[in-house]
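Labels run A, B, C and D following the written order; every chain starts at residue 1.
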Amino acid sequence: MTAAPILEVEGLAVAYGAAFAVRDLSFSVPEGGIVALVGSNGAGKTTTVQAIAGAMRPRAGRVRLAGAEVAGADCAEMVRRGVTLVPEGRLVFPQMTVDENLRMGGLNARAAPNVTRNLARVFELFPRLAERRNQLGGSMSGGEQQMLAIARGLMAEPRLMILDEPSLGLMPKLVGELFGLIQRLNGEGITILLVEQNVRQTLQIADRAYVLEKGRVVLSGAGSDLLDDPFVRKAFLGH
Amino acid sequence: MSARALMSVALGAAAVGGLAWLGTVLSPFHLRVGLSIFLSAGMAIGWYILGGFARYYSFGHTVFVGVGAFAAALTLQTWRFDGWVLQVATGVGAAMAASAVLAAVIALPILRLRGHYFTIAMLAVALVCAEAASAFPVFRGSIGLTLPDVAPPSVRPERFFYWMSLGAVTLAVAVAALIARARLGYGLFAIREDEDAAQMLGVPTTRCKVLAFLASGTITGLMGALYALNLGYITTDSVFRGALSLDMIVNSLVGGMGSLFGPLVGAVVMTLLTKVMLGDFLEYHLAITGLIVVAIVFLAPDGLLGLAEKAWRRVRGGNAGGGADPR
Amino acid sequence: MGETISRRETLALAGAAGIAATAGPFRPAIAQSTPTLTFGGTIPFSGRWAEIGQSVHAGYQTVVKYVNEEQGGLDVGGRKVRLEIKVVDDASDPQRATTLLQRQIDDGVQYFLGSYSSPIILPQAAIINRARRPMVQAGGGADAIFTQGYRYVFGMYPRASRSAFPAVDAFEALTPKPRTFTVVYANDPFSKPQGEGVIARLREKGMEVIDTVELPATVQDVSAMLAAVRAKTPDVLMCVTSDQTSLLIARQVAQSQTDLKMLFTSLGPQATSFREALGKFAEGITCISTWSETFPYKDPIFGSTAKFVEYYKKHNNLPLIYHQGTAAGCIVAYAWALQQVGRVDDPNAVRDALARIDIESLYGRIKFTPDGDGDPVLMGSSVTQVQGTDLKVIYPQQLAEARTLWPIRPFSQR
Amino acid sequence: MLQTIVNGLLYGGTLSVAAVGFSLIFGVMNVINLAHGVFVVGGAYAALALWTGLRLDPILALVPIMAGGFVVGAAYQRFVIGPAVRRGSPVAALLVTFGLSLVVVNGLTIVYSSAVRNVSPAYAFFSVRIGDVTIDAVRAIAFVTALVLIAALALFLRTTVWGRMIRATAQSELAARLCGVDARRVYALTFGVGSAFAAGSGVLIGMIMPFTPAEEVQWTVYAFVVVVLGGVGSPAGAMLGGLLLGLAATLTQTYVGPVYTNVVMFMILLAMLLVRPNGILGSAFRASR
């Protein structure tokens, strides 16, 4: 890991009421890399990335983005600073057209002037969306909605894109395409933080991965190393 | 029965006994205050069986008060019995039966709705019944119905109704407490936490909700009958009052939604405040009532009991963790 | 009542029960130089009947203020007695009204004034009657108040079913006689029996009722009803409705140019705001006024209706309508009865005096039927008509201030 | 028959505009605003004050009154409803709206008494006759105004950035925030717009029918009926619901009897809730529930 970290998380704790979903969590994401958070259901992955993106307020800990302290900043500020979360379950706006969905993604002050250019770019990336430009988000298939969610995220011109369970509910063929897409985006210079349950494929593309359990990091290492790790094999890969 | 349950039954019995004894010494005004409290408390408990246990907030529970009151009045006008036992039994019986029938008829369709939609639907049920009671001449709701004076000649009516409503509220609490301890109660609590999950875990959610709704409606109807018998003259406006529905909710929330004591405490406090003390404030009392409601929401979101509990925990040095603040 | 415990014990108990705050301020005043007589009761200061409640209250207060301030009290058995009114807000809620009334009974208040609206008065009447304290009220006209055998409850109004007779009689007296009527009444405890009474009276007098319409207690739109009225063209449209519904009807009659020879609305034109809202379209609308400030009566306290009106206007901003007159009449009746009895501590004797009262007052004749309601002929309403910006009495003849505009100018030609 | 239908539509237009603000607030924020009727009645009193005080025509008065409604509504959300939702729950918010409506109604009663009021500009008593059909001028004017207002709202929601933000927040608050939307501001905006429309409808109502402070309850209830009938959140739904309800009301009045009007209206509400709780047009914001 040579590049400077774009994101550093240290001692993060997040709670719902009195119940802590994440406690004392630390990890870092190098600029230009692909980092994965893996773990079983309820391990605290979604909570973690929502706290980073400003959708939840951490109880404790530090979050540094390109060296600047951003713990507790709200979503709007994080988006402005170049962090975009593509949320679990896609959450496209079902009663808005594809076009409107994408324009929503490009709302922030930094990206707003470039909406036309960015639209052209995502339509080039996802020709399918260009075809369905005036269709309602809710009327599209799961795969298309996932594309739309990612495209909407791209409209914000992120430096760091966080993808939360993007493969959930997709057909295997589409999952393959999705991981290809993620690598392509990464190739274009966008740092990726990937939360996945599809551990095998994730570890194959991740530079580095962290295994979470009960809100803590229990294991970390290069993606390929973890693929061979006995614990990971037993817990996630079914060997 | 566990020791704790026995203890609470004994305590409850003692409380009821004490209140009944108070009925022999209180002045007529205080008897009326008492009976107002009991009626409010009984209605609040009735509402709580559905609203508190299962978090199905009915905004139209006054429909059961109204249907109970009208059933009692109409029956007692049609069949004129002698003797208070028979009269009360008929009136109350008719009220409970009519409320139960109404609850049974609407239970299945209406309990399919959730959240705000259930709330509005109950409001709609109340509005339909109220308007029907007024519009259809058979019900005489617009011009009013007179009820016979059922109190036996040897007992002052306010004392009689004090005891009757004390009895009714005791019954209501007992039924609610039994439900809370029975499987039905656990089913309802599961629904309150997460209805879909409860269903997946095999809780017969529909049956639980229907049963709770029946119990809730019948008890509220019983209170409605006593409310009407005590007034002696009812119109649509006096028993199908949106204010009654609101009182049930407000009482429960003011007291606290955590346990059955919530609606009881709320009924006592709110009845004293709004029905008795604020009578002296003439034209400002509505505003004051409104401000109290607002203050409760902001200062004691978990009700007075919640507030007391928090204070208690603070005294004992525990920490009251604040909630996450996603917004 | 041997079973009632003493006041001190009550207070102690109340304290014990944590409800000491509820023990009211209504202690019968004893240790004052001038003895004070307290009238109790509840008034709807809020809720549905709030507006009328304020008028009723102002009527009561005016007489009491006059007696205390201008006459140094009421002469009862050779002593001056200060009058005092202690009323609380029942919020138009019957349950609350009974509780609050009971508190006053417990506190020893012996004479009661009425709240407003039958659903409140009726339950109170039962309590009052049981406590054997008189109540004179100007707010409940439902027949049921007077058919339960309550001996202690007196009403200034004739019971509802008889109360609009004068209107019918006034129309009968017109020349040429109107022939056809449509009667509209609101479906509430007062208007419905009143409307049914009107229909019965019309038929009794041989006039034709071509249509009857029952309206809900509140309405937003009567255009459909008026379309039917236009189709059947009655001479007279009689509306037994609340002031709000009356205003709506009158406006829509004017808008839709429903030309009638006469428009009657039982409630509404009495209020200046009603007449102002309609402007020139108010002209000719008739209504009943149980009382009018132009009545030429003598009064034992003020001297005459006119003097009462003058005094009222000097001390009040609230527009003077018939409710103040009726309410004032209650106190006048009490004053007469108290003076007859000659002492203030005998409610039973006062009740008996009220039962036989037959006097002229600022309100008009006061005489109750054996059931306690106002005598339908002697205490019946006058009929008034909007002429110019004022309301003029047009019936009965001996009170008439102006000739009836009949037929009224068609709305389409205004 | 034709007259009945015309009357129904004219009345329905008023119901629509009186409900559209409620619909927006309910749809976007999932808050049932029991103080809705207070804004309606407040608008009527404001129109009355401007009419009697400055002789300002109610239609012109719409501008300042809706602006006032917006400011009050936005502040109300920012300082009262929002904190209540965060502290308690939607039900707590509902109670707060109820409590405050008591306060305001009480205030109005003290200032204006509960006397029946009415705003009557000169044209309030005219009508137009087309064939056999009589149309009250003031109702026609109110109807046209209602259409214009609702169309304007629809346009605002559909074409402006802020409109898009409101819709997006309604459909998924989290996703909207992740796009950089400041949800609090959107909520304040929504409440402001909803309240502005409530107050505006009050102006129209004050023109065509008498009102009292206590009337607010009724307008809240009608808003419920309209919204449930037409569908939550969309101006089109409110329009459709209002017109249908107006028709149902006048048809009942004519063919069944006026006294049954409310029974029928509330039966429709109930039937709709049981059969198709999302309304005829469905929820504008949520695909299904």
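Following the convention adopted for this analysis, contacts are C-beta pairs under 8 Å (C-beta built on N, C-alpha and C of every residue); 3 or more make two chains touch, one makes a residue touch a chain.
Computed from a predicted model, the values in this text were never measured in an experiment.
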item	value
Distance in touch steps, counted as few as possible, from subunit B out to subunit C	1
Higher-contact pair (C-beta pairs counted), C-D versus A-D	C-D
Chain located farthest away, centre of subunit A as origin (C-alpha)	C
Centre-of-Cα separation between subunit D and subunit C, whole angstrom	36
Where subunit A and subunit D are represented by their mean Cα positions, the distance between them in whole Å	41
Whole-Å gap separating subunit A and subunit C, where each centre is the average of the chain's CA atoms	74
Euclidean distance of C-alpha centroids - subunit B vs subunit D, Å	32
Overlap residues in subunit C, where contacts from two or more other chains coincide	46-48, 50, 187, 216
Touching two or more other chains - residue numbers and ranges from subunit B	131, 134-135, 283, 286, 325
Where subunit A touches two or more other chains, by residue	55
Residue ranges of subunit D touching subunit C (in the complex, touch as defined)	3-4, 7, 10-11, 106, 109, 113-118, 120, 124-127, 129, 134, 136-139, 209-210, 212, 214-215, 218, 249-250, 253-254, 257-259, 261-262
Of all residues in subunit D, those that touch subunit A in their complex	161, 164-165, 167-168, 171-172, 174-182, 284-287
Subunit B to subunit C touching residues, read off their complex	22, 25-33, 36, 39, 131, 134-135, 142-144, 146, 149, 156-158, 227, 230-235, 237-238, 241, 243, 272, 275-283, 285-286
Parts of subunit B lying in touch with subunit D, wherever the complex brings them together	57, 109-110, 112-113, 116-117, 119-121, 123-125, 127-128, 131-132, 134-135, 242, 246, 249-250, 253, 283-284, 286-287, 289-294, 296-298, 301, 325, 327
Interfacial residue positions of subunit C with respect to subunit D in the complex	46-48, 50-51, 54, 187, 213-216, 218-225, 227-228, 230, 243-244, 247-248, 251-252, 254-257, 271, 273-274, 277-279, 281, 318, 411, 414
